[in-house]
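After this come two complexes, each holding subunit A, first together with subunit B and then together with subunit C.
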Partner chain A sequence: MFNYLIVVVLFWCIGMVLTLSAFFVFKSDNKFFLMTGSIASMSGYYFIILSNNNVSLLYILFSLFPIAIILSIVILHISRYTSQFQFILVTLALIEMVKRFEFHFDRITGGSYGVRLSTLSFDSIYLKIFLILFVFALVYFINRINYTRIGYLWEITGLTPLGAQSIGININKIFLISALASGFFSCLGGLIYIISYGYLHPNDLSNDLGLMALSAAIILRGRNFLVKFTLSTFVLFAFREILRFADIGNTVRFAVYDLILGIFLVFISIKFNNTLIEKRNN
Partner chain B sequence: MKKEIIKVTNLIAFFGDRLLNRPISFSAKKGESVMLYGKNGIGKSSLINVMIGQVTSYTGNVFLYSQKPQRNKFYILYNAGVRYVPQNPILPMSFPIEEYFKFFRNVSFIDKVKTFISKAGIKKESLIAELSYGQKRIVEIILALYSNPSCIIVDELSSGINEKNLDFFYSELNAFLKAGGIILTSGHNKNEYLINNTDVQLLQFIE
Partner chain C sequence: MNYQIFLNALATSIGYSVFSLALYGQFTYLRMISISLVTSVIAGAYGCNYAYLMTNNPTISILCGVICGIILGFCGAFLHIKIGREKEVMGLLGSFGYFVIIQGLITIITGGGIEAFKFIPPVSSNMLCSFTYPEWLLFGLIISVLLNVLYIIFQKFFSLSTKAIATGDNYELSKLLNLNPRKIEINIQLLCGGIAGISGIIIAFDKGLHPDLGYDIILKAFAILIVTGLNIYLLFFWSFFLALIESIATYLFDGQIGQAVGLSIVVLIVLITILNKNIQISRMKVKLKEQVLSV
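Right, the complex of A and B next:
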């Protein structure tokens, strides 16, 4: 029972970190809103490639984070020179490229079966509890940042880029910082995943997770950050994991989850539409 | 001889493949003001957008403080003292007005702004979205005026502002000009002079 609870909370934590990754990007510019998906998937697959060489955790820390951050800067530059629609297409193309890579080089990536990462997994319960506490502390810290000058700076840049410039804010710097934050958080999500599961299925770190994180991030604009954040990530990530272990059969499980996800997405689309209208009015 | 702060030579702004105006040239030194006027759709606002770096499709030369305006780099001009007030307010709608003032590093002028805003009947707890069009414009103009500027670019100063406040702005801008500032405005009517007492360099757009 305890182990089962830990697994659920860990998955919730991964979702939280990925949502933070989407949140920073979405707060500063809604153009990047598919970026988190691509970065999350790419960092995940990069993990798989590394894992077969029996490398240490330290090596991954020093090689994965720079690569994810470089990737986020590249995607930032692509987004600067494309329109919103073009950017979505480019991001989807990148995700598709990664997927093709994964299925084509199945000797490295494990193909559609996934890959076991026994050299990297840690069974220590203390490490897992530490990770959970770390993520909750991180979320509390981000909540505090939202109500400081830097948090407002992020928000005003997202709401009115020209308005932010007209009071002397260097918006390019804000975009860069949010891209770096996004790369960092998606990497952290992948790292927690590897440490806690020791097994990586391609579906778990594809655009699927990134889009769920994005959905959670969209409703976070405005007040009551902590309540919205906890609820949305719980429904989208922890609840999915609870259903996986529930003894109700596959069909019912997927039906229940899809129903809840559908209701959630309706609310999200209304909220997202309102955000776009607010942006257009500016 | 005074240095030319704004220098525009043979400028034509484009919108797609459509020309927005005939080539236009002007310059402004310290203590001078320029007013662009002409009918709707002739390219006044586009020209101002070129000058702040928001529109990059143009031919000719534009120099503000001896540098070309670049896209998304208005903060360089802001640090040189250029303030921009657009025709449609670009304030963040979901912010309470009090929190919006937290962005300004130089706090000394904020008290002056707050007293003016309370006089204009704006509550400081209210959201920016709840303000009327004219009130939003007053907030933007007053922030530009009091934040220690050296050059103010205003698109359609008179739109949405009542007579009493407009008179106040005129007198403040007049004092600003006498102190060596530069003003660039646009409007529809050349009788609608920006500053009653001083010379205004009027620039007409011709089709």
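Right, the complex of A and C next:
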């Protein structure tokens, strides 16, 4: 029972970290960053391959985070030259591309069989508990940052980039910091996934996780950050993991995920429309 | 073998071009790009298949596929009315949610397995059903061309077309002109849903039936739409060109890596098109600024 609980909470933590990754980009640049799941997946494969070849953990971490960060900066560079609409389409295409390569490079990624972490050094309950506590502390820290000067500057940049520029904020610097943070969190999500499951399949960390993270991130704008964050990530991620242990077939399980995600997305879009209409009426 | 590559590309491009036509209609009339139409494709394919299983009649099954597409098109229209036209990106996200819901429901109902499309059995006395693969391609090609021609006729000679363009351009103003924008929007969504239903039947013949059918076509249809722009006459050419690239990549590269390479090339083409258009727009803006400053 305890192990089961730990697995559910760890998946919740992965969701939280991926949501933070999407949230950083959404808040500073107003762009819908869907690639969190893909970057997490790539970093997961990188971690598994290196650790299976007995490369030291320190070296993996030192090489892994810069790669993820560079990748997210490249993607965000694309975002500077595309509109929000085009950016969504391009990222959707890139996600599909990454997924296909992961599926078909079966010598490296195991293809449709997935790949397993052969070293057992990460299979420690204390490490998992430490990760859970670390993620919760991180979320609390980000919540605190929201109410500081940096948090307000960050919010202003996202709401009106031109306005922020006119009062002397270097918006490019804020975009860059957001990109770095986003890459870091995506990569962390992949790492936590590998440490908690020790196995990765191309379907595990894919576009639907990125979408879930994004839909949770959209809700976070405004007040009550912690409440919204906890509730949305619980419904989207922890509930998904609880279903894994329910005695229903895989097909039905994935379909139920789809239903939850779909209802959430439709709810968000309708809610935003109502908010806009209310604002206009006021 | 080369003949086979062209044949594969043609088979893929027919379905994609018809679906792109539906997306094109939605974009030109309602000024929106929505993923909700993909549900019409899936519903059209499944509707046609199950109708054929029950009635064994091709005409009824095609009609049933189109009706399923239209019904899902209506649901999509209702969703977009609820979401509103204020936020296009939210519309895209909401329609994606709607697509995911429908896909989940279809997975639960059908069990989620990959099925052969039973609409055209190997042996049958019916004229439609006795077609072989190249003949079916010809039939699909004729349908595709016919739909394009009908669409152009609709665009040029029907009053609904003008009304829909007016509604898409300015929603509030069209209300002042005593048009009923909601009704027009629903009509256009129904029309596009019907076309998407037909494309579902064609695509399912090429790819078989599975609930993930939508994911396969979303990206490619959008890619075709982006590369084509607003020129409807080039829609089929570009869909054939992109399908040909994929087909050649699958042939050249070992195994299924070819699919990934093909998709990468398509993505690259789309990216170059988007960036090129954006650079052109920014240059025009700079020129305009310079002109204003000189004045």
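The criterion applied here is as follows: the second predicted complex is superposed on the first by the 236 of 282 C-alpha atoms of A that agree within 3 Å, B and C clash if a C-alpha of one lies under 4 Å from a C-alpha of the other, contacts with A are read in each partner's own complex, and residues count from 1 in each chain.
Methods note: a contact is a pair of C-beta atoms (placed from the backbone, for glycine too) under 8 Å apart; a residue touches a chain by one contact, two chains touch by 3 or more.
Nothing here was measured: the structure is a model prediction, and the numbers come from that model.
J.: Quick one: name whichever of subunit B and subunit C touches more residues of subunit A.
T.: C
J.: Could you look at A:166 and tell me whether it touches subunit B, subunit C, both or neither (first, second, both, neither)?
T.: Touch partner of A:166: subunit B, not subunit C.
J.: State whether A:153 touches subunit B only (first), subunit C only (second), both chains, or neither.
T.: first
J.: According to the stated criteria, A:28 is in contact with first (subunit B), second (subunit C), both, or neither; which is it?
T.: Neither partner.
J.: Which parts of subunit A are touched by subunit B and by subunit C alike?
T.: In the superposed arrangement, which is not itself an observed complex, subunit A uses no residue for both subunit B and subunit C.
J.: Considering only the defined contacts, which subunit B positions touch subunit A in the complex?
T.: 54, 72-75, 78-79, 83-86, 89-95, 99-100, 102-104, 143
J.: For the complex, give me every residue of subunit A touching subunit C.
T.: Going by the criterion above, the answer is residues 32, 78, 81-86, 88-90, 92-94, 96-97, 100-101, 103-105, 211, 215, 218, 251-252, 254-259, 261-270, 272-273, 276-277.
J.: Can you list the subunit C residues touching subunit A in their complex?
T.: 33, 79, 82-84, 86-94, 96-105, 107-108, 111-113, 215, 218-219, 222-223, 226, 255-257, 259-260, 263-264, 266-267, 270-271, 274-275, 278-279
J.: Would you tell me which residues of subunit A are touching subunit B in their complex?
T.: 149, 152-153, 155-156, 159-163, 165-172, 221-222, 278, 281-282
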